[in-house]
Amino acid sequence: MRTAADKQTTLGEAATLVRDGDTVVAGGCCYSRTPWALLLELLRAERSDLTLGRNLMCYESELFLARGAATKLISSWVGIGLRWGIPRVFRDFVERDPSIYEEWSHLSFGMRLSAASMGLPFLPTASLLGSDLLKRLPAREMRCPFTDELLVAVPALVPDVALIHVHRADVRGNAQVEGPAYMDLELARAAKLVIVSAEEIVSSEELVRHNDRTLIPALVVDAVVEVPYGAYPHECHGRYEADFAHFDAYAERVNEAGVEGVQAYLREHVDDAGSFAGFLDSVGASALLDQRRKARELVSA
Amino acid sequence: MSSEPTPTELMTIAGSRLLRDGRVVFAGVGSPLEASVLAKRLHAPSLTIVLEGGAIDPSMLPGRLPVSTNEMRAAHGASMLAGINDLFLYAQRGCYDYGFIGAGQIDRFGNVNTSYIGDPDSPKVRLPGSGGANDIVSSCREIFIMLKHETRRFVERVDFVTSPGYLDGPESRERAGLVRSRPVAVITDLALFGFDEESGRLRIDALQPGVSEEHVRESTGFELLASDTVVSLPAPTDQELAELRWLRDGEGGGALPACGRKAAAV
Amino acid sequence: MSSEPTPTELMTIAGSRLLRDGRVVFAGVGSPLEASVLAKRLHAPSLTIVLEGGAIDPSMLPGRLPVSTNEMRAAHGASMLAGINDLFLYAQRGCYDYGFIGAGQIDRFGNVNTSYIGDPDSPKVRLPGSGGANDIVSSCREIFIMLKHETRRFVERVDFVTSPGYLDGPESRERAGLVRSRPVAVITDLALFGFDEESGRLRIDALQPGVSEEHVRESTGFELLASDTVVSLPAPTDQELAELRWLRDGEGGGALPACGRKAAAV
Amino acid sequence: MRTAADKQTTLGEAATLVRDGDTVVAGGCCYSRTPWALLLELLRAERSDLTLGRNLMCYESELFLARGAATKLISSWVGIGLRWGIPRVFRDFVERDPSIYEEWSHLSFGMRLSAASMGLPFLPTASLLGSDLLKRLPAREMRCPFTDELLVAVPALVPDVALIHVHRADVRGNAQVEGPAYMDLELARAAKLVIVSAEEIVSSEELVRHNDRTLIPALVVDAVVEVPYGAYPHECHGRYEADFAHFDAYAERVNEAGVEGVQAYLREHVDDAGSFAGFLDSVGASALLDQRRKARELVSA
C-alpha cells in the first residue's frame, strides 16, 4: 500500500517487484541521476523481456540488450555523448531489427509521460509535425476543437515500473532532489509501480522542514532503497560528477569487441561484483571521492 | 597572434556572429553551445542560453563545457533549472527566439536526418536519434543548423526526416502545421546558407574566408542556389579565437580582461 | 465527561469514522477537513490528507486549523507542497481514494449545487461557486458529501448541477463520462446516507443518535429510500469529542497522551 | 524586451503597463500571496473595463467591481472564506447581471492557464463532465483519439497581464517563492505581460546560489517591483499571516452598507492612503509585525 508508514527495502527485494515483460522507465537523463544501482540489480536478477524506456538513454541500453533483459527500447536518443560517438552495440541490434526501437522526439516522449501523470489518455503537442518520426509512431495528427490548429496527439505512456534515483527520501517515500528534476516527477506520477533509490534516507521530520523541496510525494511511491553513490558511474548533481574514465573504458571495450565487450563489462560489474556495493568496491574509494570533489568544485565555483 | 582557425572553429565563430543580443537561444551541445557562449561573451551579453537538460541562462566554466546538456556542468551558474518538459514547453509557448542544432545529414530543403542512413526498415546505419532536435525545429522561432560540410552529409533528399526543414518547400511546411518556426540559416566550415523564400531551398549567402563558391558546390550533393551577392565572411578575429579556445580548454584566460568571479564563469 | 455534541460535531464525527486507514483523502476546509484530521488522530494514522491549496499530508496545529485551503496553516507540517494544478491532477490520475466535500444544496441523486439558487440566468442567490468541488467529484474514487440537514438544502432537483452526483441515475452518470469516481455517502447531523445502486438515489443507511427516520424524512424535500436495516449510529465517544474540540480550539490537550512535538501537530 | 538586464520599476510605472480592457489575472490563491499592492495600484490608476481572473478570488473581486475597474470576472470561487459567508457585493453584481461572471471549476480554470503556458490552444480534462457549468462555458466535450474516452476540452486562457507576488526576485525578473507555488508558474508562462512584485530584490549572484529554487525565469517577466508586505493584508508564506481582523472590518463594512462599504474601504485604503506605502502606514507597524510573528510561529512550530 502506497500510504504504508515504512517502504524501505533492499536493492534485491526491490528487483523482485519488477516482473518479466514489464515496461520499465528510468529517471534522470542520459548520464545524470540515472538509477544505476537499480538498473544493475535488474540485470543481476536476470529479468527478461522488458521494454526499457527513457527520454535520453545512455549505455544502459546496450547492457539491457546484450544481457537479453530488454527486447525493446523506447527513447528519443541513445548514446553516451558526442565524445563517445554512435553506440555500436545499440546500432548493431537496431540495424538487425529496427522494430526493437521506438523513436520519439524528446518532448513527445515527455508528453506521453505527462499525459499519464495527469490521468489523461493523450496530450497534444506541436512536435513531430511533418516528420518521418510521426509516420512510424502510434501518434496521430489532430485538430484543436477551438482553433482548428493542426497538432499531434500522443498517447499516454503508463510504465509498469519507474526507477528513480534521488538525493533524499524518507522511509515513506517522499523524495527530494537537488539540481534539475529532468522528467522524474512526470515519471513518478505516470508509473504503476515506483521504486526510489536515494543517496540518503532522512527522517520525516528533517524532510518536512524543507517541504517545499519535495518533488515526489509518498503517495505515488512503492519502495525506497538507500544507495549512496546509487547513480555512479553517472552523476548525481552536487554529490559526484560522471566518471568519464569509466565511460571511456566501456567505450573502448565495445569498440574493440562489440557485444562481447558489453558482456565482459556485465561479467565484471554485475556478475563478479556480486552486488552494487561490490561494484563500488571495485571502483575504489579514491575514484568515488575524486568525483565527489569535482562535483563540489562545480557547486561552489 | 593566434594559430590558424580549424574548420570547426570557423564554423563555430560564424555561428556565434548570427546571434543577436537580448535574444533567447535554445542551443544543442557541442558547436551550437560553444557558439552561443562565445556570442554571449563577446557581443551579446544579454543573450539567454537554454539547454535541453533544464538549465536556463547558465554560465559555463571555461574548460568544463558540458558534454551532455543535462549534466552539472550545464547547470552551472544558471538562473533556473527547469524540468525537461517545461524547458521544451517554453519553446512551444514561443519564448525562444533561436533554435540552434547540429545535424548528421541535411538536404536542400534543410530537412535534417539524425535517425537512419538507408531504408529505415533495413537501415545501413542507425544514428543516435532526434533527442530534442525535432522539438526545437518545430517550436523555436528561427532555426539555425550547424554541421561540418561533407558531400555525404549534404544530400538531395535525406533518407529520413527526423527534424523537418522546409520539407518539399514552404507550402508543404505550412500544410504540415509547422507554423511556429522557420529554418533561417545553415552554418558550415565552408559557407553560410540562407533559404530561398519562394522555394525553401538552401542558398549560399556567404563563404568562409578563402573558400570558393565552386568548392562549396563540389562538396554538396545537390544543386545549390546562391544569393545575388555572395560575400566572404570576415576571418575570425584574434579575440574570437582566443575566447573560443579559452572556453573550450580553460587555458589562456580569454581575450577580455578578467574581472573577478565573472571572468571565470561566462 | 464532555458536554453534549453539537449538530456539527455529530456530523463531523460520523464523517471521520468512514475514513479508513492507509487511504488518501482530498478534503475540503471546514467539517470535511476536521473529520479527516480527527480520523488520522484517532483510528487512521496512515491516512494521507491533501488540500486544494497544494499541501500533501499536513499536520495541522490544534486551534489553528486553516480557514482557507491555501494558507500557511494548511501547509504546516506537510510532506510536500504541490502546485494547485498538480494537486488536482493527482486526483485525475487516480491517486486519491476519497473526495470529501461540503455542499450548499443537494438533491436525491447526490447532485450538488454551490452556484445559483433559482434560475441561473436570473438568480435569486449567487453562491460562492465550485472551487475544486466539481473536480473532486469528477476524479476522486469515492465521494463523501457532508452538510447540515435542512429541508431547503435537500431538494428534489438542484437548481444547478455544480458538482454532479448520479445526475438522473447511474446510467446518465456513465453516459456523461463520469467513470473515474462515484458518490458513496452523504453525512448530515441527522443521518448517514448511501446511494441505491440501481437508481442512484439517496438511501438512509443510519440515523444519528436519538433521531427518528420520520424526522429525517420531514427534514428532506424529496422522497428518501431506506436500507432494509436502518441502524442507529453510536454516539460520539468522550475521546472523539475531546479530540475534535482540542483540534478546533487548541485547548484541553486532546484525549490522547501527549508525546513531544508530535502531540502539538496532528 | 524580456531579456533586459534590469526590469526594476515602481508600482506606479508598473500600473501604466496595464491598459483599459485588458484581461488581468492575479497570482497566489484567495488570501495567499495575492499581488495586493499591484492590484491596489491598478485601482488607484483608475483602470477600467478590465476582465479580472483568478483561480480562487478574494474580495479584490468586490473592490474591482465597485470601483468600475473590472466589468467581468473569471474564477472558480469567490469569497474570503467560510467564516465570512457569501460575499454580498459580488452577489449583488452577479444577481443583477449573471453574464459578468464566468464560472469554471478550479482545475478547469487551471488547465486553461496550463494550455496557454504550454503553447497549446486547448487541453483535455476529466472535470466539468455532466455538470451544468459545462453548459454555460466556452468548453466542449471531446473524445480521446486513441481510447475514445469522453473528456472536456478547455480553451487556452492567455491573459494580457499577469500580476504575481513572490518572496525574492532579481532585477532581471527571475523569481523565487517559499511555500506553495499555487498556479503562479502556469500564469507567468501563459500571460503576454508579466509584472512581478517581490518582498525583496536580491542580487543575481544570490539568486543563482539557489537556482533550483527559481520558479519563474526572467525570460517571461517584463517588470519587477520591490514591495515589502506586498501581499498584505493577505498572507505571504513564512513572512506574514493574513490579517483576519482587517478582513473582519471589511466584511462588517460590507454587511452594513453593501457597495457603499466597499467604496468607503477604497476611499480609505486606495485614495486617501495615496500609495501602498501610505496604506501600510495606516495599518501600522505593530499590526505588520504581529502578522510576521504569527507566520514565524507557524514555520518553526
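Residue numbering begins at 1 within each chain, and the chains themselves are lettered A, B, C and D in the order written.
In this text, a residue touches a chain if its C-beta (ideal position, glycine included) is under 8 Å from a C-beta of that chain, and two chains touch if they have at least 3 such contacts.
Here the structure is a predicted model, which is why all the values come from computation and not from measurement.
Participant: Figure out the least number of contact steps between chain A and chain C, where 1 means they touch directly.
Facilitator: So the least number of steps between the two chains is 1.
Participant: Return the chain whose centre of C-alpha atoms lies at maximal distance from the corresponding centre of chain B.
Facilitator: C
Participant: Tally the contacting C-beta pairs at the B-D interface and at the A-B interface, and name the larger one.
Facilitator: Result: the pair with more contacts is A-B.
Participant: Using mean CA coordinates as chain centres, what's the gap between chain A and chain D in Å?
Facilitator: That gives a centre separation of 38 Å.
Participant: Can you check how far apart chain C and chain D are, centre to centre, with Cα atoms defining each centre and the answer in Å?
Facilitator: It comes to 28 Å between the two C-alpha centres.
Participant: Got the chain B residues that touch at least 2 other chains?
Facilitator: If we look for residues of chain B contacting two or more partner chains, we find 75, 81-82, 89, 92, 139, 180.
Participant: Which positions in chain A touch two or more other chains at once?
Facilitator: 119-120, 125-126, 149, 151, 179-180, 212
Participant: Got a list of which chains touch which?
Facilitator: A-B, A-C, A-D, B-D, C-D
Participant: Across the complex, what residues on chain B touch chain D?
Facilitator: Those residues of chain B that touch chain D are 22-24, 45-48, 50, 56-57, 75, 77-82, 89-95, 139, 180, 261.
Participant: Would you mind writing out the residues of chain A in touch with chain B in their complex?
Facilitator: Against chain B, the touching part of chain A is residues 28-32, 55-56, 75-83, 86-87, 90-91, 94-95, 98, 101, 103-108, 110-111, 113-114, 125-133, 136, 141, 149-151, 179-183, 185-186, 235, 237-238, 241-242, 244, 295, 298-299, 301.
Participant: Considering only the defined contacts, which chain D positions touch chain A in the complex?
Facilitator: Interface residues on the chain D side: 119-126, 138, 140, 142, 144-147, 149, 151, 153, 155, 178-180, 212.
Participant: For the complex, give me every residue of chain A touching chain C.
Facilitator: These residues of chain A touch chain C: 1-5, 116-120, 170, 172, 174, 189, 204-205, 207-208, 211-212, 214, 217-220.
Participant: Where on chain B does chain A make contact in their complex?
Facilitator: 29-30, 52-55, 61, 64, 67-68, 70-73, 75-76, 81-85, 88-89, 92, 115-116, 120-135, 138-139, 160-164, 167, 172-173, 176-180, 264-265
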